[in-house]
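Letters are used for the chains, namely A, B, C, D and E, taken in the order the chains are written, and counting of residues starts over at 1 for each.
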Amino acid sequence: MARFITKQKNTKNVIPGSPVFVGNQKEENTRIRLIGYDENELEEVELETINELENYISKYKRLWINIDGLHDVELVRKVGELFGIHTLILEDIVNTDQRPRVDIEEHYIFTSIKMMFLNKEKHQLEAEQISMYLLKNVLITFQEKQGDIFESVRERLRNKTGRVRNYNTTYLKYCLLDVIVDNYNFLMETFGEKVEDLEDKILLQPNKNTLQEINKYKIELNYFRKAIRPAREAINSFRALKTELITKKEQPFFNDLNDLVQRSYDSVENYKSMLSEQLTVYSTNVNNRLNDIMKILTIFSVVFIPITFIAGIYGTNFEYIPELRYRSGYFVMWGVILLTVLIMLGYFKYKKWF
Amino acid sequence: MARFITKQKNTKNVIPGSPVFVGNQKEENTRIRLIGYDENELEEVELETINELENYISKYKRLWINIDGLHDVELVRKVGELFGIHTLILEDIVNTDQRPRVDIEEHYIFTSIKMMFLNKEKHQLEAEQISMYLLKNVLITFQEKQGDIFESVRERLRNKTGRVRNYNTTYLKYCLLDVIVDNYNFLMETFGEKVEDLEDKILLQPNKNTLQEINKYKIELNYFRKAIRPAREAINSFRALKTELITKKEQPFFNDLNDLVQRSYDSVENYKSMLSEQLTVYSTNVNNRLNDIMKILTIFSVVFIPITFIAGIYGTNFEYIPELRYRSGYFVMWGVILLTVLIMLGYFKYKKWF
Amino acid sequence: MARFITKQKNTKNVIPGSPVFVGNQKEENTRIRLIGYDENELEEVELETINELENYISKYKRLWINIDGLHDVELVRKVGELFGIHTLILEDIVNTDQRPRVDIEEHYIFTSIKMMFLNKEKHQLEAEQISMYLLKNVLITFQEKQGDIFESVRERLRNKTGRVRNYNTTYLKYCLLDVIVDNYNFLMETFGEKVEDLEDKILLQPNKNTLQEINKYKIELNYFRKAIRPAREAINSFRALKTELITKKEQPFFNDLNDLVQRSYDSVENYKSMLSEQLTVYSTNVNNRLNDIMKILTIFSVVFIPITFIAGIYGTNFEYIPELRYRSGYFVMWGVILLTVLIMLGYFKYKKWF
Amino acid sequence: MARFITKQKNTKNVIPGSPVFVGNQKEENTRIRLIGYDENELEEVELETINELENYISKYKRLWINIDGLHDVELVRKVGELFGIHTLILEDIVNTDQRPRVDIEEHYIFTSIKMMFLNKEKHQLEAEQISMYLLKNVLITFQEKQGDIFESVRERLRNKTGRVRNYNTTYLKYCLLDVIVDNYNFLMETFGEKVEDLEDKILLQPNKNTLQEINKYKIELNYFRKAIRPAREAINSFRALKTELITKKEQPFFNDLNDLVQRSYDSVENYKSMLSEQLTVYSTNVNNRLNDIMKILTIFSVVFIPITFIAGIYGTNFEYIPELRYRSGYFVMWGVILLTVLIMLGYFKYKKWF
Amino acid sequence: MARFITKQKNTKNVIPGSPVFVGNQKEENTRIRLIGYDENELEEVELETINELENYISKYKRLWINIDGLHDVELVRKVGELFGIHTLILEDIVNTDQRPRVDIEEHYIFTSIKMMFLNKEKHQLEAEQISMYLLKNVLITFQEKQGDIFESVRERLRNKTGRVRNYNTTYLKYCLLDVIVDNYNFLMETFGEKVEDLEDKILLQPNKNTLQEINKYKIELNYFRKAIRPAREAINSFRALKTELITKKEQPFFNDLNDLVQRSYDSVENYKSMLSEQLTVYSTNVNNRLNDIMKILTIFSVVFIPITFIAGIYGTNFEYIPELRYRSGYFVMWGVILLTVLIMLGYFKYKKWF
């Protein structure tokens, strides 16, 4: 069976505060993409090296820097220097085993969250860590892998769809988080359908694979929950903390995000308890079927054991067995046997065994 | 078996803040009904198109706008524009997968809640989302389907029963919520009777359908709980938050509502734990009956196995078996057999097996 | 089996705020009893009609009005009018399905609580709703049924026992609540003895009635808990809320009440978990006994199956079976059989089966 | 089995606020012991009657009054009068069914707690209620029974060991509580060793006594928890509440006490969940052994049933059975039988049954 | 099996506030190591006796005193005197059964925490108590045993790696705690792999050792949790409490520590629930296999019992059994037997038993 729980690399002897890449995806190239935009203009640039970045920083009103591939620790460090990011946060960005969390400070908001997706080749859930560092007019996003999950947001930026071009980078950040959390709900929906399909199977045609299936779903759900529970805590903290980076106008969007992630967490908890109940029902059903098996065995044994004994008696070789002499002895024996069978069957009928 | 958990439509690639209808009920017509009223007068109007609405807004002291059918997203958007409703709230109104919640702001209260009802044709619980947007003197309600659940309140308005005509739209809103929550309690009562009937069956005449029944009730309860738990949270927030829309005079009504929804939530939790206990009792009972079956099998086997062996011995064809020669050998064998049977039965009697 | 969970009457189409009697006890007569008292004097009056009440209100320094029988809604309404009781509270008084609760307001305290008692004829727990409306110098109590539960307090009033005559009606209210809560503890004590008696039975002589008994106690406890849990919340709220009706001198009494109800709630939770554990132990014990049964069956089968086979072999009618010719063949067979039996028994001895 | 849960006496018709002794220990004599002390001097006095007490009250700088035996209600009442103790507190002192609790008021601290000890004759846990009433320079302690649990503290007072002579009575009170809570930890330690010994037994040599043992420990733990849980709450309240009776210098001691009682509560919870897990493991183990039993039965049955049938076939008395005529028929039958046996055994080998 | 839960020594009769060594490790020598350092210089000293310590205290800007071996209570007392450590804290330092905790006061922070490690010889988890007493420029650490766990930090100090030389002792303390908590995560990772390996075994090839393994892991996890749960609480308190010893610059490090310990606690809880689920799955699987065994037994019994009976019938010695006379009787019997077998097998096929 597939391993869902990511193995952590040993970071035991690492000095705290020094970024070390912990992850499995070794992308050939890291990719640095910039989108500078305001209400009227938008420019997309892909940088060759990180050194070019400096030239662009103050060029645009709003800037989104997206970095794919975290194994280039040097690059991350340079970005950190450029924007004054605390070394512990840099460490968290490259350490992809990080628990999702949100740091809201006066002049920046750091968010680390897991993107979940279904790897269709391996038929398993996978998680990718997305880190976001939000400054007044700059949003820096770090992805473990090159991917197109944020393409829909990019399209909106390009086409001026919705209000993303008119609002600040805080709103852009909300849009990206919304994509991620919406995806949670989409996955839970897919998952939910499988769990519900299981429900019928358990009662009507349970077999050993059913047990394996329940178990598999439990593991998947545990994996999902591990990502979503701290994500919920993290997103919830947007509501409590006040920061100039989230204005009153933007607050409702984060509240909405909170409802969204709460809904997917509710689903996780709901399916978790459903699976537990399904296991109990399955197990009770297994016992029920054991009862059925034993009933059959018992009926046959109880019916045939006495009559086999009767036949055994008249198979003995005693010299003087009076019954054997009677011409109708054999037929009388059959009569007794049939009577015994009828009594036994009557007894089981009375006990409502069939 | 029926599917109780509503399938969500994929809203994955939807821009946040743009209302998209998510639901299955495609009503042929949306229906816009207005009731304008004050202490002395009441007028009911049914609009053809949403454009007429503007003419009525300031005509009455208190106005209740009821919109049935949410698939006409354009209409909802127009209503939103007219009353300055935030686009995220509009999205929540048309997205019928929304978790129940309450937004209490200075000048408006938005409430999204599930109406539960028993679809008698399909023999299953169904949920309908009701959204309410309360302004100072205007209450706008959105229903997924055309229905008459609020007819009793309309009657009261028409007949000046109770104080609904004399109080503000906040009180009207309370009346509508009261109808919904009261209905929860009515459903739980019906449900409770079925669960209690089950209780006797489990101990006295359990069978495989009993397991299916327990399971079915568990699923129904899960479904119900999914709607009622966030509803409880939502209604509870009426107590904590202060808003000019709920005056001191109206506060007790919302406290009362809170007690009502808490009672139905208590029932849900109560029946949930009752069903779990019933499953345990059922399962223990199944084991008890396995014991009974095995006792019967064991009694028969243990009694007949030794005597069948005895008969087998004297069925052997050895040339010299002394016992066979005695004239009374056969009867002595019977004696030994009877003695064996009595000893065995005595043993089971001693063990209190029957 | 008896139904413990009270069925609620359908109050679905009732206008909120209008009192409707929901209950089963139709007393022939409602009974209105007044006790007016101060340190020196005490007068007991039984009213014929509610209209006489007005004459007595300001006659005494302290007044206790006790109304038995709630089906006379008109009467309750009139009392409400006389003392300015909110219609929602009146509704709660006559609706005997109400959750216990306390409303502490500036000038009144409303308390709704369940009196539990053991109906000795029906051998079941029953609950009666007691509502108390406390004003500065007046205490109005409403009982579903005529009963003598408060007789002990009346005696104390008459005989000037304790400080009830010297203190205000707040203290009188405390005395009545104390009677009710003390009774919870008394019932739990009786219940606890039955549960503990069960404990021995489960291990030493479990049978099918034991399962029924556990189940019965679980249902009773659920019923009790349904009444006592909200009562605990309610009584607890006396501590938190400040009101001029409870003076500093009286506060310790309500704290004490709180400890008392907490103790009975602790007992409920304790017995609940004890019953769950007992069910698990019972179930494990059932399995243990299945093991014993199967051991007996297996020992007999395993011992006799091989020797029956041996006898079967020599019962075959082959023309040439050398062993049959030997004069001692029969005895050798017996020897082999005995050896087989000894080996088998030795094996079970080794396995520690007996 | 021993009854661990103390039976409560019926205090149903008792007027609240009047002390009534509820307990089983009827000591022949109550014993009143005084220790008056300051940094330099210490005097121990044993009073004959309570009336002498008055003479000693103001004689010493610090005074510890210890009263053994609570059945002399009159005595307790007199002490109460002398020190102005609220009647409800007096009631709690003599009612030994009281939940542990702490009342911190401006001028006094009342503490009621359970001393646990192992009655070595009856092999059971027993609880004794200790009440402490702390005033500025006076500590009054009430014990159900004469006992020497506080002897170690008395020794320290006499020998000036530690700082008990130099500090106020608040510190003395802490010392006494420390003795009690330390004893909890000592008992839990003893208990823990028994639970751990059980752990091995369950896996390696489970029998029916093991189930009884698990059950016995569960009951003992429930009993212990009933005393320790409210004690934890009570001791915790020392931290939160500010009173002039606990100075800043003494605060760390009570914090320490809190850690100590928390540790013993952690142990209770820990052992409780260990016992639950042990029951599950035991139960699974029972099932495992059922499997083993059934395997043996099945192997024997499946091997012998077919060959017994073969022998049965050749035991029939048909006139024409060709095989019987062959001289080697008998040996061929043996060959077939051996082959069948080998096939069966091979099958079970393949199934890894042995 | 190994004992994981440390036995506590009896500290029952100990005067509170007097340090007594409670632990098993009797090191031959205690070892006192000093590291004095600032940005530019570093000096390491190993003291012979505690008396030399005084000379070094004010010599360095920052001082780390590390004491290995706690059995020398006198030494600890002297250190306490030198730095004004409260006697209760000294008691906690030498009592190695202490719950992890943090005391944050104005001028000092005391931290007691458990270092966990895997004893490779005994194949079991072991815990060592580390106490840290932090003053403005001095950090005193106490270890139960001589060990090299902090060697990595010492190396960093020596080599000026990271910022440890430039920051205050508060940062040094953070580094040490980071080593300990990082180690928790490393252990949980190792543990997690074993639990996941178990997962496959349970479904595919469960045996009795599997149950023992689950049980063993449960005990280990309990042991781990006992150390880590209070550690989490303790480290969490760094966030809440304000002290001049933790400056704003250092706060993020402690927040990070909090995330780290939370992650390992999440893992503990996660594996705990995984093991519970595994036990349920295992148990259900055991039942499934019982079903398989019973199926085999039943198939064989039900097929052979009737045909053995048929053979038995024709083994009877009645003088007149018509069937025996027919020449083809024997073959007809075989036909009937085969037919019976086919019907039985068909029935099981229909029941989907194989």
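One rule holds in what follows: contacts are C-beta pairs under 8 Å (C-beta built on N, C-alpha and C of every residue); 3 or more make two chains touch, one makes a residue touch a chain.
Note that the structure is a prediction, hence the values are computed from the model and not measured.
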- Note on the structure: By label, the chains that touch chain B as well as chain C are none
- Message: Fitting on CA atoms only, what is the rotation between the copies chain C and chain E? Please report it in degrees, nearest 5.
- Response: 145
- Item | Same-residue or different-residue interface between chain C and chain D, half as cut-off | different
- So, in whole Å, the Cα centroid of chain D is separated from that of chain E by 26
- Query: Approximately how many whole Å separate the CA-defined centres of chain B and chain D?
  - Reply: 42
- The positions of chain E in contact with two or more other chains are 283, 287, 290, 294, 297, 301, 305, 308, 312, 315-317, 321
- Task: If you connect every pair of chains that touch, what shape comes out? Choose line, ring, star, complete or other.
- Result: ring
- Contact set on chain B toward chain A in their complex: 1, 3, 5, 7-8, 10-18, 86, 88, 92, 97-99, 101, 103, 208, 211-212, 214-215, 218-219, 222, 226, 230, 279, 282-283, 286-287, 289-290, 293-294, 296-297, 300-301, 304-305, 307-308, 311-312, 314-317, 321, 323-325, 327-330, 333
- For chain C, which residues count as touching chain D in their complex? 152, 156, 161-163, 174-175, 178, 182-183, 185-186, 189, 192-193, 196, 199-200, 203, 252-253, 255-256, 259, 262-263, 266, 270, 273-274, 277, 280-281, 283-285, 287-288, 290-291, 294-295, 297-298, 301-302, 305-306, 308-309, 312-313, 315-322
